[in-house]
Amino acid sequence: MLELNDINVYYGKIHAVKNISLKIKKGELVALLGANGAGKTTTLRTISGMLRAKSGSIIFDGQDINKIEAHKIVAMGLAHCPEGRQVFSRLSVLENLKIGAFLRKDHKKIEKDLELVYSLFPVLAERKNQSAGTLSGGEQQMLAIGRSLMSNPSLLLFDEPSLGLAPIIIEKIFEVIKELKNEGKTILLVEQNAYNALAIADRGYVLETGNIKLSGEAGDLLANDEVKKAYLGG
Amino acid sequence: MSGTYLLQNLIDGISLGSIYALVAIGFSMTYSILRLINFAHGDILMIGAYSGLFIMVAWQLPLWASLLGAMIFAAFVGMLVERIAYRPLRGSNEEATLITSLAVSIFIENLGIMVLSPQPRGFAIPKFLTKLHTINEITISNMTILIISLAIILMLVLTYFVICTRMGVAMRACSENINAARLMGVNINKVVACAFAVGSGMAAVAGIMLAGQYGRIEPLMGFVPGLKAFIAAVIGGIGSIPGAALGGYVLGLSEILLVALLPAAYSGYRDAFVFIILILVLLFKPAGLLGTLEGRKV
Amino acid sequence: MDTVKKNKIVLSVEGITKKFKGLVAVDNYNLQLPEGEIIGLIGPNGAGKTTVFNMLTGIFPPTEGKIMLAGSDITGFRPDHIVQRGIARTFQNIRLFSNLSVLENVVIAAQIRKKYGFISTLCSSASFTKEENELITKAEEYLEALGIAEYKEQKAKNLAYGIQRKLEIARALATNPLVLLLDEPAAGMNPQESIDLMHTIRKLKDEFNLTVILIEHDMKVVMNLCERLQVLSYGKILAEGTPEEIRNNKLVIDAYLGRSTASA
Amino acid sequence: MLSRRDKLYTGIALIIFLGLLGILNNTLSGYHMRLINLIGINIILVVSLNLTNGFCGVFSLGHAGFMAVGAYVSAILALPLTKKALVLPELPTWLGSIEVNFLLSLIIGGLVAAFFALLIGYPVLRLSGHYLAVATLGFLIIIQVLITQLSHITRGARGINGLISYTNVWWVWGTVIVTIYAVWRIVNSSYGRGMLAIREDDLAAESLGINLTSHKLLAFCVGAFFAGVGGALWGHLITVVNPLSFDSNRTFNLVVMSVVGGMGSITGGVIGATLMTIVPELLRNLEVGITIFGMSIPPLYGLSQIILAGALILVIFFRPHGLVGNWEFNWNFLKKSKNISKTTQNL
Amino acid sequence: GEQKDAAKDNEAAAGETIKVGAIFNLTGAQASLDGPSLNGFKLAAKEINAKGGVLGKQIEVISIDGKTDQTSATNAALKLAEEDKVVAMAGFSDSNYALAAGPTAQEAGIPFITTGATLPSLPEQVGDYFFLAPFGDDAQAYAAADYAVEKLGSKTAYILKDTAMDFTMNLAAYFEERFKKYNGEDAILLEDTFKTNDQDYSAQINRLKAMKTKPELLFISSGPSDCGIIVKQVREAGIDIPIISGDGFDTPLLIELGGEGANVDTYFATHTCLTNEKELVKNFVTAYQEEYSREPENGFAALGYDTMYLIADAIERANSEDPTAIRDAIAETQGFEAVTGTISYEPGNRVPKKSVSVLKVEDGKFAFVEEVTP
């Protein structure tokens, strides 16, 4: 479904992503791990068209999307829940969610998805008319996840969805992600919380300073000594 | 001071305020999305007025047609300016875009002086618009009525557009966070171009109204209204369309009423008083009349 | 732990409340904080933890209640006055001076105690030079203490996330506080980095004789570091006690911890 | 802080520079010397503007207003008594009967401007961003109105003419050196760091013990002081001041110089002011009618401004943070060749 | 920018040219006044050159844009004096800029004739190298007051003046002085103000309408850019007492913008009437039309034209290219016939004694009413 071939990404002179290749099959949940600054966010931003790879190709649904503008990639069925939430702070919670469904025209289904998001995150229903900027950090994170679900995507990119959340919510979010996978969505998950991520993922990649260092089945990675030492705190 | 005197001044203030409001609304369209103080907005207004005059004189078309034509032409120029001068700087710092817009303004003004000659020209409006109505010693011309109603109609239409249409929602999203808007599938180039088109079209309307009301156009006519639009938009609250309109009315009304209410010997102090009022407004409402202070969320 | 309890109270908070247009973000929050303690403030997202910090540091004045630091009332003081009295903080969303160097970031915080005046600045007097040099040495010490001295010439925005977090702590320390407020210092760190951070905080506490309030969602860090925990929920204190007590508190499990974390 | 080596280099450079000025002063035509003086005055204005707009992040559009205050105060004070009775007969007696030497009039002009900055800054500096820009623009307009209306002191729209052309290369460049020195001292002190912190994140700065108001006020007042002195020098160069001399266009002009050079840098201010003074004069030479193949094209007045505008857009396009950004001049390039690459990289 | 008019080969033939400097504000707010002036100035130079120039040499007009900016104006003057070595300079329709550039010329010892600034004290303020080509504000204001009192029989007046311009403030002051001399201290019923380019005068007009005793005359002291709009708005508000003003009204804009309103009792005192039947005037108008394919935009075009001839005449009489000699010759000018009237400088006075024309708007045209020498 998604295939990255030898992509290289730069910020000016900084070479943030070096020759990365990865593959995600339809319906798979893949975890992308790595220390701070490894290039995880950069990779996701390149996939969703926010950044351009200098070389390499990104194949999504059989089409090279590296030169395609971000909004067209979204129209192809990709949703990206960005790092740092990026909610529209002066718009209300409800408006934020509606913008998530910006490209959709099936109003009935949108209403249904809205209910679904509310049932996943009841706080959002309580706060639906509050402006998003005044939500607490965790509430904003829920809003960002909810918003990315609203486009009814086939491929989801999550960038550290558990950042700053209460344990009980983290649990919930991983459940939600698992459920999404069960529904048949394809998911690329960037996480610091490597335990939880690998626990629900099919496969994983480990990035280090812009390079892919390790990859394999989730279970194997969990058991890998190197991974344990570097990322699992043991 | 008689009631009619006050009423007459109120009407005149609203009429002047309507023109400021028209300019300010257009200004704030682009201002809210790109945080761009578009000093060239006043010059687009000038282009709108000249093209309106051209359509009326050269093609002998009626006022509504020249309004429409001028809007289209100004929208085109606005989009062109955005494409050439502002888009390459998208996402850059505020000062950079500010200077660019100043440069664009200098460019257009001097081109105007070279091409159109610095001589002011008369701008004649159809006879029926100059007709005066007198009720109880209060006079009001059809032109004034047209200006006020056009301002109100355009304001409502735009508010509807921004709140209810998809493009409008996309604009608001962009004005909050351009990158997140892209992730929602919003084509920001289209949105920004559209904002410039709408803003410039509004400027053209304002330009023709200004020219019609005062009967004169010249290449530098945009400078003062452009500055006032900036002031009005800020006073109203950055990014708020009703705010920009309100700011325009506050400015227009205070300019007229201060002269009317101050003794003649002090009317020269008008602008000082206007700005003292505006500074006071800002001190009590630091985010403008209708703006919301982005909460000190930590 | 008993010895700690006997210590005198540095920070005493009596019934502070914060309302935002109808929403009661914090409701009657109380705290008696003895010198040298690390207390954990946990609770669901939106419970009002950061708001408590904001009130303590003067970002918002509390709607009601009183804050006493080392015996004097600081309620409603401006943030800069409060830091001078001795409460420093880090921010949940990192707020470094991103275009300035790491060293400058810390010197800015350290200069809170400088004494030279404007005239000596203009004529570059001896006292000016001496104090400036002292400030830089001081700042370097704090960077050393957090183990990030090697980055001192770099711009803050070019640092990796974890380093930025540490820099925020160094910066807060440089104001020489009595009480340090840490707002989710481990957010965005992987488990190994969190553990390293935990050790750092403990070391700093001893080295600088600090009293700490810690907001954190990483239970491993909280449970290991704190002697006492307060749980906020919907702005109210839901529970208070030792990590052990909190871990087994049914209310807290339901509202915050969830089954798996509690059992982990 | 400068190392001993840097102090030496700076001293030598200063002596060479002053010597050069002396030589130029005796060889160049008055026209060219005037350009050199204008460059100096613009440097004073732009470097002082950078203190607020660049270092402190307080975007003020009121600089021309402070110039006006300084220029008028100094003009009125330094006008010889005989002329004063003629030109400004309505002055209050105490003002009408004093004549102050030029240096003192410059300083008083600057101080009065700084005092105005204190008055307006105290309420207004709590605003931020464009709100502050509008409020300071308002201040400029209020000053203009006052000058126009208080005609018994200022002669209103007529302006005060016949000022003695005290301003010469030594006054100007002496002030330039003082300005740069003072701003440089401030920037490299706790005050300057506080300003930078406020620019980067005012909330964090406040939470680290920085008093926002006093730091912003300091930047604003010092900036205004030098703007006042610069305005006074300008007035005694042109020898006539009137309200139109200090309008919003002049403020915008200064802002352009500041942004083109680099707002957060003294070096940037110097470069921006120099370029934006010289280039428009040079561009005048383009406004000449030419004859090609028997077709004569009349001179296109306004062409130089159009070209300048185009050039500005290009500069900003390639260097959105100005020509030097936040880079500051230093002597490192003299050290060793391997350091050269480092400095140019910073550029 | 500068411009070297004479073709290169021409120059070679004559050996060299006589350089005359022209500083006009060709861009910025003053451009609409100064542009026509420069046109007139250059037209005259061209005519003179076609007739063989002066002292057997061609005149080369070096023109620099003052950009409506005092700094640019002084730079330009210095450049002309020191780089281009002109023998005389001319320019500006506004005293602010004349006051900036004039002293530079004075210091360099080069005569400067302002084509359009009418502040009578200018020469006194700048020095003995500075001359006015037009009459002073006092002359036109007195002429207007005289006409109003003697011919229109006005006993009371209302004054509306632009406070942003030196010219309008002075004009109003001189008018007031003269009018009060005729009709007593209380003759001015109200004095109101506005600012250049205000565009909306309704508040002032409302106050005028609300006055208890209505004045018999409106004196409107405005510049060319505002006059039409003011007249239009005054008339639209239903006020039809006579309006009178100075040369600020001498612009086609008065008719174009004033519309019907301008046809109602609107008078002004100015330099000349371009529809005048005088030979000189007619020749000028045709030559201007031929050169620029449009009517002279305003009276300043004629003043620019006259100034060039005035300078050429002085050079001829001085029989020298020495600036000081030329200055002396200008100062001795007597009975010089120009489009804008006869120019004579009385000894020690560098404001010419010139006749003032009073014009009236009739059927959308300027009509000559009378010529007075106040």
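For clarity, chains are labelled A, B, C, D and E in written order, and residue numbers in each chain start from 1.
Convention: a contact is a pair of C-beta atoms (placed from the backbone, for glycine too) under 8 Å apart; a residue touches a chain by one contact, two chains touch by 3 or more.
It should be emphasised that the depicted structure is a prediction, and the values quoted were computed from it without experimental measurement.
Enquirer: Using the touch definition from the top, list the chains contacting both chain B and chain C.
Expert: Of all the chains present, those in contact with both chain B and chain C are A, D.
Enquirer: Could you name all chains that are in contact with chain B and with chain E at the same time?
Expert: Intersection of chain B and chain E contact lists gives D.
Enquirer: Looking at CA centres, what chain is most distant from chain C?
Expert: E
Enquirer: Centre-to-centre on C-alpha atoms, which chain is most distant from chain D?
Expert: Farthest from chain D by mean C-alpha position: A.
Enquirer: Please tell me the distance, in whole Å, between the geometric centres of chain C and chain E computed from their C-alpha atoms.
Expert: 73
Enquirer: Report the inter-chain centroid distance for chain B and chain D in whole angstrom, where each centroid is the mean of the CA atoms.
Expert: 32
Enquirer: In chain B, what residues contact two or more other chains?
Expert: As it turns out, chain B has residues touching two or more other chains at 110, 113, 268, 270-271, 296, 298.
Enquirer: Counting only residues that touch at least two other chains, what does the list for chain D look like?
Expert: Within chain D, residues 148-149, 203, 301-303, 305 contact more than one other chain.
Enquirer: Which parts of chain E, given as residue numbers and ranges, touch two or more other chains?
Expert: Chain E, residues with two or more chain partners: 26-27, 163.
Enquirer: Which residues, counting only chain E, touch chain D once they are in their complex?
Expert: It comes out as residues 1-5, 7, 26-27, 63-65, 67, 69-71, 74-75, 78-79, 81-83, 95-96, 99-100, 103, 108, 119, 125, 163-166, 169-170.
Enquirer: Provide the residue numbers of chain D that touch chain E in the complex, in ascending order.
Expert: 29-31, 34-35, 38, 148-149, 156-159, 161-162, 165, 234, 237-240, 242-245, 249, 281, 283-289, 291, 298-299, 301-305
Enquirer: Quick check on the complex: what are the chain D residues that touch chain C?
Expert: Touch residues, chain D against chain C: 1, 182, 185-186, 189-191, 193-194, 196-197, 200-201, 203-212, 218, 326.
Enquirer: Chain B touches which residues of chain A in the complex?
Expert: Residue list for chain A touching chain B: 48-50, 69-71, 74-75, 79-80, 82, 86-91, 95, 98-100, 102-103, 131, 133-134, 147-148, 151.
Enquirer: Could you pull out which chain B residues touch chain E in their complex?
Expert: 1-2, 5, 8-9, 12, 15-16, 110, 113, 117-122, 124, 130, 132, 134, 137, 139, 141, 210, 213-216, 218, 220, 224, 255-260, 264-265, 267-268, 270-271
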